[in-house]
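Below you'll find the structures, each written out as structure tokens.
Two complexes are shown next, each including chain A; its partner changes from chain B in the first to chain C in the second.
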Partner chain A sequence: MSGILASMIDGLLVGAVYGLAAMGLSLIWGVMDVINLTHGAMIALGMFGMYLLFSLTALNPYLLLLPLIAIGLVLGIFVYWLSVHWVVGRSQLMSLLSTFSVNMMVIGIGTALWSTSPYNVNFSLKGITFGDYTFTGNHIAAASSALVMALALELFLYRTRPGKAIRAVSDNREAAELMGISSTVVLAIAFGIGIALAIGSGALVSTLFPFTILSGAGYQLKSFVVTVLAGLGKPLGALGAGVALGLLEGAVTPFIAVSWIPLIEFGLFVVVLILFPRGIFARATT
Partner chain B sequence: MILLRPMFWITLLLAALFIYLPLRNNDAAMREDLILVAVAIILVSNLNLMIGYTGYVNFGHIVFYGLGGYVGMYLVTARGWHLPTAALTAGIVVSLCALLFGLGILRLRGAYFALATIGVLVAVNAFVRNVDAFGRSTGMYLSFESYQPLGGAMRALWITYYLIIGVMVLSMLLSLLIKRSKFGLGLFAIREDEDAAIVLGINTTTYKAIIYSLSAFLPAVAGALVFFKNGMIDPDIAFEYMLSLEGIVMLMLGGQGTVLGAALGAALYERLRSYLLTSPKLSNFHLVIAGGLLLVVVLFASGGLIGWLYKFVPRSQKVIE
Partner chain C sequence: MLRVRISLLSVLFSLATSMLGQQTISIGFTVSKTGALNVDSLEQYRGFELWRDQTNAAGGIKAGGKSYNIQLVSYDDESNTKRVQQLYTRMILQDKADFLFSPYSSSLTATAAVVTEQYGKVMLTTGAAEEKTYKLGNHYLYQMFAPASQYLTAAVDALKTKDPKAAVAFVYEDASFSNAVVTPAKPYAQQQGFNVVFSEAYAPNTTDFSAIIDKVIASKATVLLGGGHYADGSTLARQLEGHKVPLKMVTLLVAPDSPQWTELGDAGVGVIVPSQWEPQTSFVVQYGPQGADFARAYSARYGTPPSYESAGGYACGLILQRAIEQAGDIDTAKVSAALNATDITTFYGKTKFATDPGSHGLQIGHAMVLAQWQKDKAGKLTKEVVWPLGAKSANLKYPMR
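What follows is the complex of A and B.
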């Protein structure tokens, strides 16, 4: 029994990182109605970014998060200009395909540079032991970093002028333009933040598990599930749904093989989409 | 009448070329190259029914091909069936599965549907990896005796090749038939505006479920044939996500919504890919080039090659569909 509890707590900690990844996806989806298919590739870039920075500097990886997020922001704005700016407002097929083409290029370059063999970030913090079970320090640190980043985003969106501008554009782009907000700048910044979150969550995952350049795809699927659970444009909802997904994974792993998990997640995804098209945590609107 | 349409004869001409070229010198290497092209044309033509005709992006189209391969291999190895019946049964089984999935996920629209198709791929992959009858993650192998009913391995490979070409022709003819039918018009209406289509009295749920299931049939048959020819199957080859995605690149390159565009894009891209993969310097970069190509097509020429042709020679629309 306590084994299940321990596994669930582990799941909860990992779930916070899933939540962070999904926040990036949810923000972009909510603000510009673009489903960012570069998400998985960006998560993978975050993993390798952490690997490179850590092997160069040997600093504490959780400190290295800050430069990585800054790089992610710049990269995100570049990707926005490259592939999204021209297709915002056109049919969704076009933005799906254009972000997807960037995904292919990133994965292609990544495969050429690092092949598809596994890497890991060789760093571990001292864990906390309860009886027979030890929770590794990395899990705890990653979950706390994810929480801090999520709260920072929430404060940014609700307490600062640029954040309010992002929410205004998300609510009604034309009205926001009439109020003197330059929607192009706002969209670029929102996209940059979304990518920065993906990079940050990838960097956190790299301190927990080994990874390859293709690992991002699995987390991308999880992010979709979480985003759909939470409903669009609700960053804190995404964090909550991420934790819920992590808990679920933790609760089922003692009983079934890990390879079944994608099937369960996908089942959940479809059932939720059909039963709650607006997301479980979405408030009923009239 | 389909006999009066030039595209029908162009398709037959293409098939004759596919049969004549390798047969001329009994060239097995060329046959293998052409199989890759034919498979690409089969997958992309059927994908076109979803993306080009109905406007629903299917990121996991390869799942039909892989699942067809699995069902076919299972019937041949474990049940001792003959290839043609096994391939046909694989097609029917996979179509029924698709109908079942479709009734679930086709309630989703637009991007949500596209995401769900990625899920279908991941879920079927996970399922196959956990089933003993399908050999889990090691896959299945064909014993040499399985080629005996077709007169030995050498003849079996050629027969399979002709069957694959047959499936390719059927794929193109299916696209052609649907394009000018009432059913096809219904699909185009869904692509343009689904709500308006409902108002006009089109039963969109049924239409979408039928086309999703139909687009699964021939790829599944092709999968059964190809994996029989290869003599082995495993989940990584059968459900190759990248091939599924490259199918979309091929379709956009040639021109979505057109029969010849799908075939042309598939053939051109497949040849380019083979060239890049075998060239020592560029083999690592074929995804980068494919991605760049897709981006250019999406941003600057969303009609693809055939779209260009239509723009500069409007009369060509009468001949090339």
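What follows is the complex of A and C.
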């Protein structure tokens, strides 16, 4: 197997996790036009949630995803009522400030509890080897889990009544309310799902790399890039864009130092903003 | 009347005793209680702390007919250079520290050195091997660690005895210390006849080494030299193991010296660390405790064997103590003169400082060893000295697994 192919496969695997991290941001942004600046902090909470559950139970961490996502849903609904409900429909600056405040509270509490020292979830699965290259079991499990969660979200949004209600509110809130859909309840659930996805992605990242309470910030930045690439409110598109970003990283790194990757990623971000202002996967609407 | 006279005499005697008795020396430094340097910095701090407690228990530092109780003043620098700058200024101006010890790491020490030189305060540095800091015309800096240029040259020498045709890769943190180590090591490896097939620095706080590891595999390297500090070094070792990279020798800076390295399990086996000190090394001690006594006291106190960061911290205190005793005073100029004249062997090894203006304070007496994590007969991970050959406690295992 060639080095470039191996690098692209590694990029694809971690890109699936980028995509999952971005899906939550994309969903919230698309449904309620709120830029959720708690996103990074929630990813970090997912990391620590996995660390705590794994330390307590010693179970396979991939089995602990479901309870963590459930906790994330409840936490998301709580954060919605705490800071977002009051600013939905108002200027975007209000939602930025409101969610940023929650972000700082989470970081502050997290730092007090865990300081900024690195933590690890010490668990590894057997990898798969092709020639000189081994793809770690954890990367494969994390990418697979991300794909399953993305498909579950897609099924929820398109095959269930609450999911259709979320899409209806996202398309036209007033019309949805006229049809008897409680937009407040729907927005709370959508926000909760967005946070649950952030928590889930953080939990997966914790099985791959060491982390601190500040680690979410880097993934939040990638999430913004991925969300812009995919277009707002396109969760499955976000997964695809995350995978594409990971593939790009994998394709480029054999030829240049890895420290140049952020420059390339954010350069691409600017190019896409100019050429595809609605996102690569966004469809034109009349 | 007699009672009044006795009471008066007692009061006068107490007053005289306190005037002639214990005074306090205040030593300031920062500790990275949080942040990426936390693990290594804490070990260094423990060395300071143990020295303080043992010295105070023995009556303090005795100089010029007085006894000085040691008081340590420390703050959390959060592994952040901005905090180091603020805190060292505070310790000098507000806390009135008599002397300073460095923070942990070359980058934080370089920042602290600017402040201490500005205010003309003596600072002994430990946990800081970069040489550039001592070549800027300082007057009051004193380096305990052997300089960075020595770290990997020993690994290259050891490799030459095992596999002169090895293909070498350098993978290292893009930070002042690691750059200072690798910059002379690369040409040295080439001069010794090795083919350097890959070399790349990674950003500090890197956690995903997949891309670099794929490049190492593609380069067909059989030896990897580099790393940085504990967080990135341990992560790199874990991911090298996870990707089953076919390396015969891995030498990483700093990280494998920590007792926490055993948490890596199989990922830590066979990894080599250039070390400033190991418990197995023995010297003819001219001042302070024997190495075994230091190691025993440290283990009893902290429940873990000492790392070289801890030994460096303790030795830092010892050397300052001796300089104050030699000076007979805590005056900065006198203590500085005594430090300049230092040429002594402690449990830590030889300590001698350069005194020429172009490299004042650079450590020119201390030599490094290589230690490798090996499994003993019971399967337990232990760290053995494998180089130089005259100081080894076990043979270098090559290939490592």
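Criterion: the second predicted complex is superposed on the first by the 284 of 286 C-alpha atoms of A that agree within 3 Å, B and C clash if a C-alpha of one lies under 4 Å from a C-alpha of the other, contacts with A are read in each partner's own complex, and residues count from 1 in each chain.
The working rule: a contact is a pair of C-beta atoms (placed from the backbone, for glycine too) under 8 Å apart; a residue touches a chain by one contact, two chains touch by 3 or more.
Note that the structure is a prediction, hence the values are computed from the model and not measured.
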| item | value |
| --- | --- |
| Contacts of A:112 with chain B and chain C, given as first, second, both or neither | first |
| Which superposed partner A:89 touches (first chain B, second chain C, both, neither) | neither |
| Which of chain B and chain C A:259 touches, first, second, both or neither | both |
| Partner chain(s) touched by A:129 [first = chain B, second = chain C, both, neither] | second |
| Touched partner set for A:102, first chain B, second chain C, both or neither | first |
| First, second, both or neither for A:249, with chain B first and chain C second | second |
| Shared contact residues on chain A - chain B and chain C | 111, 257, 259, 261 |
| Touching residues (chain side chain A, partner chain C) in the complex | 2-3, 6-7, 10-11, 14, 111, 115-118, 122, 124, 127, 129, 132-134, 136, 138-139, 208-211, 215, 249-250, 253-254, 257-259, 261 |
| Chain C to chain A touching residues, read off their complex | 33-36, 38-39, 78-79, 174, 200-203, 206-208, 210-212, 214-215, 217-218, 231, 234-235, 239, 242-244, 246, 263 |
| Chain B to chain A touching residues, read off their complex | 51, 55, 57, 104-105, 107-108, 110-112, 114-116, 118-120, 122-123, 125-127, 129-130, 241, 245, 248-249, 252, 284-295, 298-299, 302 |
| Chain B partner contacts - residues on chain A that touch it in the complex | 35, 82-83, 86-87, 92-94, 96-98, 100-105, 107-109, 111-112, 217, 221, 224, 228, 257, 259-263, 265-267, 269-270, 273-274 |
